[in-house]
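Look at the two complexes coming up: chain A is in both, with chain B in one and chain C in the other.
And then the complex of A and B:
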């Protein structure tokens, strides 16, 4: 089954291009430790999922590029063509001359409806090339105008046109110290609207990835390209083929399987991602990891709500079993309760990895049995030159604090009605703002009481 | 890429405007070595084949530069200044059809400029603007340059602003207004300025006020540096922001030094829209991020550095010094001290080879000393353009929406009231058709309420604002 990727706005297009790069490189590098049949099955599955073959054998990504101004898209297309291995389709991009001016209302109310027909047409053509459609993967940021505003509108249109398809949104959260003054408004409007049309929202925070680049990968002058490469690596580790439990063939329906494991309740759609190990190319050659070590680290990162593998607080422990209900309310605040967890393990000796630690009922909320809440996918193929790689997709309280921060700042600004006239002039009223705030407070409350 | 049209009105507007075009050509000449008409040039210039006789259809879109024509409309009610431009070295950049002139001038009377000439020339102005807009693929912004103290720039300029709002409501209007100093030689300048202020508050998207006194101070400061001590010998004369060297113009005229500063400010403002960079900042993003309330759209600008030293080696301490300077009161283009007032929002447009990490580092460093309003503690908008200005390796333009502008307005109101109480010179205005006493009272009350809005924001400064109470959800 194939996934159609929709890259929206500057951020979506930049990360999307890196993602296809990672996937293409990974698929073409053969894994020395696996039999040839394994290599072939992996590569065929990945190829079908992300690329289509043209008449002359040219490999094109199953992607649609959308932006309101031309510079980023043309850069992405030319960089892809230079790789020699894959490129973007000739008719797969849509752009205009003038951007959205960091204004969500402009993207959602003006540019979205105005260009809906053309964009949906491009997407439909990409869908028709698929033998079987596995779903949509929309990549965007939350802070700007096009990715956030128009991206939300397009997601809504997709939901209307393809009511039975899975839609996974990858959303990049901006730096806390701000690149755009109205980023909190744009974020609030984006998340509240996406919750209604998207199946799940996979989140990356710029601050976190920046720290990974600085501390783990030792990059001195960090550029957006470095940040995007890390995000692409993490996304690739989720989307590349793997075996679900007990399966003998690579999973044909990754988005469906993901939704089934992770999103059991429509109120809980925010997914966080942790991937270890993460290090600079230079250090890769000298490092050796074991599965027990990796899994223990990942489990503690989950419990202590750590963003990366350094600085994990090992003091935090899950509540002891058998505590009476009344006391559970006062349990350690720093402990991160999960709704569902998905482990994706790639690399040597993966069958020996013991994921029992993640089945501990203490990790999970009381109303979901751990047997259902925790799942594992595996593949013996190594990913992106890491001999062993473990990824955790988690529907838990990971994102509670950052979300609360964003809503708090936006609410403060809204209390003085600053900048609101910029939105009302394009069609988003104060009522709409209040509805969005209410929706997000609801989500925050639900996650707090997990 | 988008295009912008410059509308220069009155003597001051046209003089500043001609410096702008001269310096713009200088800047593009130093960047565009191959003589190809590219997107950057097209944002302010048309490429025209002058051999073709059909002047409406002779635009060439790509390829080599043939003849550049500025996307501008020049308006003046007396011919002296515009004629001088047309006879000077910039004559080829302007088309005779882009001019609107009259003979007798406005007599330093806002009413004559706004009511009389405003209605007489309205159709011609609309026609001219429409033609300029048609030559643009995607028109993003109108830049209006004028002064507040006179008659034409002030009166007719604000009438043009009204026309722009009526005819092109979707296009952003950024106005550069030169405010009169206290020792202005035009006695009625307070009347003209206050009457014009009301129009600016209501019809402009964004205003960049400039005060002559501040420009004079900056010019003096640079001349002092040039002539003093050993540092003086090392300043690269062509790199000062008051210099027009390297441009087409031959001799420097008296106001040229001051006008060059304003021209440089406009060039830096539009640099990110013209040239590429790692973090582009379009003009509509400026209005979006810096204007939290529709009437409070007055932005204080400051440029740094004022000059470069001949010493090529620039350690990062000098880079940090550039950021600090932009916030000092000596570099502001109006007489104000933003550090001791309240910031509503701030934008930094950096040109040249500065990285994101340098930018972030300096913001972190300066933030504690700059008071921001409680609901916008992290109110920074940043833009990085990779092309530096001529003669510099990097430069910074800071635009701040800060309550310090109110001191300029309060002074203006005081000078207005001094004259108005005595009804001095009022008859010159009331004689004009369409002008009534109510125009004055309404204008001054608009100014008063603007000052009051800034006062209210100032009152919140330093108070520990508790976070607004969040919505309560029933669980």
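And then the complex of A and C:
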């Protein structure tokens, strides 16, 4: 069961290359604590999922690289080839000579339709190499022009061409104090359109990852490469093989299983990731973790809406049992209600890990029983040299505040029609803006009343 | 002498039936003696006959939730009665038999024979125990699925506002499951195609020319061959016992006639039960005892007959009013325009055509009963253009695809119409409510 990755724009291509790196390294490092059969099953599953074998045994990633400028793509391809273990396919990239200038409308209305045929052709070739298509994983940023504008258009095309496939979009949320002045417009348009065609939207916030790099990994000069490595590590911990509950073989339908547990309701599609532990490689050798400790920490991170391990507010508690629905308004405002949670546990003694804390009905909204809302995947294989690693994929209110912030700022700009002509000249009318704002307000309202 | 010969023959017949039934996998097969005693309505052996009926009918209705696996005779009796009702067995005496299974061996014999004839019970069971080649695919053609009273609706009633969101969640989950199933089927088809193309020319039968999945597996694992051989041999024995039964079948029916005669003779002597309750009520005791599925079906049949009656009266009313108005219009027209015979003939013909067209348009959704047939897939060169009807034994895939696509477009147009009706209804409702704006979701 194979996943076709579509890397869109600068951000998508850089993170994508790091992701394949992480996966390739993880697959090739053998896990000392697991029997050989386990190792083999894990690597075979992972290989089939992300790589295809060419005629001469060359391993190439199941990916399509799309960008308007050639610089990032050629860098990604050459870095991959240098690794010696894997590379990008020879005919899997598409680029032009000139970028989109951070203009969403340019990407969506001009570049997208113009190059649709070529790009869909590349994707189709990749799909045909798969015995069974497990779905599409699209990586893009939200604030730029190519990644967000053209990426949204391509996602729409994918939905039209492959109506029954699973489509997971990974979007990178821009820095709050980002350099692109129209990033809020771009974000609003991207999210509202992605909600139509994508099944689930997995969000990474640049601010959060930056903090992780600074505080947890002790990196002094944080470059984009460091940020991308962290994001790749988090994504890899979700996408690498694992056992679903009660299964005896590695799951062959990872995207489908993820969606089944998390995004069944059409109004709630935003997913967040939390992964612990995260630390610098130097400290890795000296740290020992226990599952109860990790899980308790992760649970509090979920409840208190903390984005990383440090600075978690341990005072926030879920509401007491039996609190009637009418008093929901008086609930602790800092408490983060979840719709659904997925725990992915990788490493030593994983069977002994007790995930009962996540089945507490107080964590969840009232209309979904916790037996349905909470699921766990496990594997005894360690991931990326972390002896124990726990990831939480969560469909909860965690993005409410940032989303509200973005929509607010975008609306303020729109009220004075600032920079709107840049969009209208390419084909995005004011009506489209209003539709997008309405859609996002609906999403915010749905999550607020969770 | 003749009598003893007849007896011996009869024993042979029943014995062959018992052998066939045992071959079909029924565990406790009654002895031929039980059958013979049944003709005389003996009480001993009745329980065995109930168990036999249960074991024969259960494989055909595996998902009926009302029966547990335990050998509870009362439940088995109930199951058999409900299945017979489902097939339309109209003999009231059977439904009045006691639930502890102590009486009525003769009725059971008659019911068994009725099932043999009516639903080809033995043939259906034989079909089920066939050896599978792995190349099969099931086609369900025709018919609209019955909407049963699902548990989701009760969730809405109980859960208030939250219940609707839970339903949407469940629907989304169902959709994802369906997509995974779809992908798995596509994978299966792709792999099957690979097997068929790679093994072209390997089969001894020239009309088939490629190997099936089971045969390919044998090539890969020669050790499986002995097991396959065993399975084939047991299937051959079963078919041989079926042939033997078929040869002796006429004698069985003659014996059944005598059983029926015996019953009628007895009935005329017995005092008829004064309060002969209706057939359905014999089964419908308490609501929670009766089979869930039969209940819902009964409800639907009642609903349908009520609707049919209403429809009939409505149509009659409409027709009479329309006819009255038309007659008036025709009268007026006749006064205005003097018609000569040729003109009238031409106009009448045109009208006839138009009416015929409209009627044929109405008749578009010819509701065929839903059929679930299993076909074996054969990869063949396209030789002659044989257009065989889909329901015959053999058909072309392109033909089936065409019919399925037609079905799909019909259902799609129906869905679009239902959606727009729903939208109109909602807009109407919203218009009556003040202070609320109805914002439809973003256009796709």
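General remarks:
Keep this in mind: the second predicted complex is superposed on the first by the 450 of 450 C-alpha atoms of A that agree within 3 Å, B and C clash if a C-alpha of one lies under 4 Å from a C-alpha of the other, contacts with A are read in each partner's own complex, and residues count from 1 in each chain.
Note that a residue touches a chain if its C-beta (ideal position, glycine included) is under 8 Å from a C-beta of that chain, and two chains touch if they have at least 3 such contacts.
Please read all numbers here as calculations on a predicted model, not as lab measurements.
If you put the two complexes together on chain A, you find that chain B and chain C both fit without a clash.
By the document's definition of touching, of the two partners only chain B reaches A:408; chain C does not. Contacts of A:263 after superposition on the shared chain: chain C is touched, whereas chain B is not.
By the touch criterion defined above, A:56 lies against neither chain B nor chain C after alignment on the C-alpha atoms of chain A.
When the two complexes are overlaid on their common chain A, residue A:352 makes contact with neither chain B nor chain C.
Of the two partner chains placed by the overlay, chain B and chain C both lie in contact with A:438. With chain A used for the fit, chain A forms the apex of an angle whose arms reach the C-alpha centres of chain B and chain C; rounded to a multiple of 10, it measures 130°.
Between chain B and chain C, B contacts the larger number of chain A residues.
Contacts of A:222 after superposition: chain B is touched, whereas chain C is not reached.
Once chain A of one complex is fitted onto chain A of the other, the partner contacts of A:315 are absent, as it touches neither chain B nor chain C. Between chain B and chain C, the minimal CA-CA distance in the chain A superposition rounds to 7 Å.
Residue overlap on chain A between its contacts with chain B in one complex and with chain C in the other: 438, 442.
Within the complex, the chain A residues that touch chain B are 71, 97-99, 101-103, 176-182, 221-224, 407-409, 411-419, 421-422, 437-438, 441-442, 445, 449. Chain B makes touch with chain A in their complex at residues 1-2, 137-138, 140, 276, 278-280, 282, 284-285, 287-294, 344-345, 355-357, 360, 363-364, 373-376, 378-382, 467-468, 470-473, 475. Within the complex formed with chain C, the residues of chain A that make contact are 131-134, 164-166, 192, 195-196, 253, 256, 259-260, 263-266, 366-368, 372, 435, 438-439, 442. Contact residues of chain C toward chain A in the complex are 159, 162-163, 165-166, 168-173, 175-177, 179-180, 182-184, 186-187, 190-191, 439, 441-442, 444.
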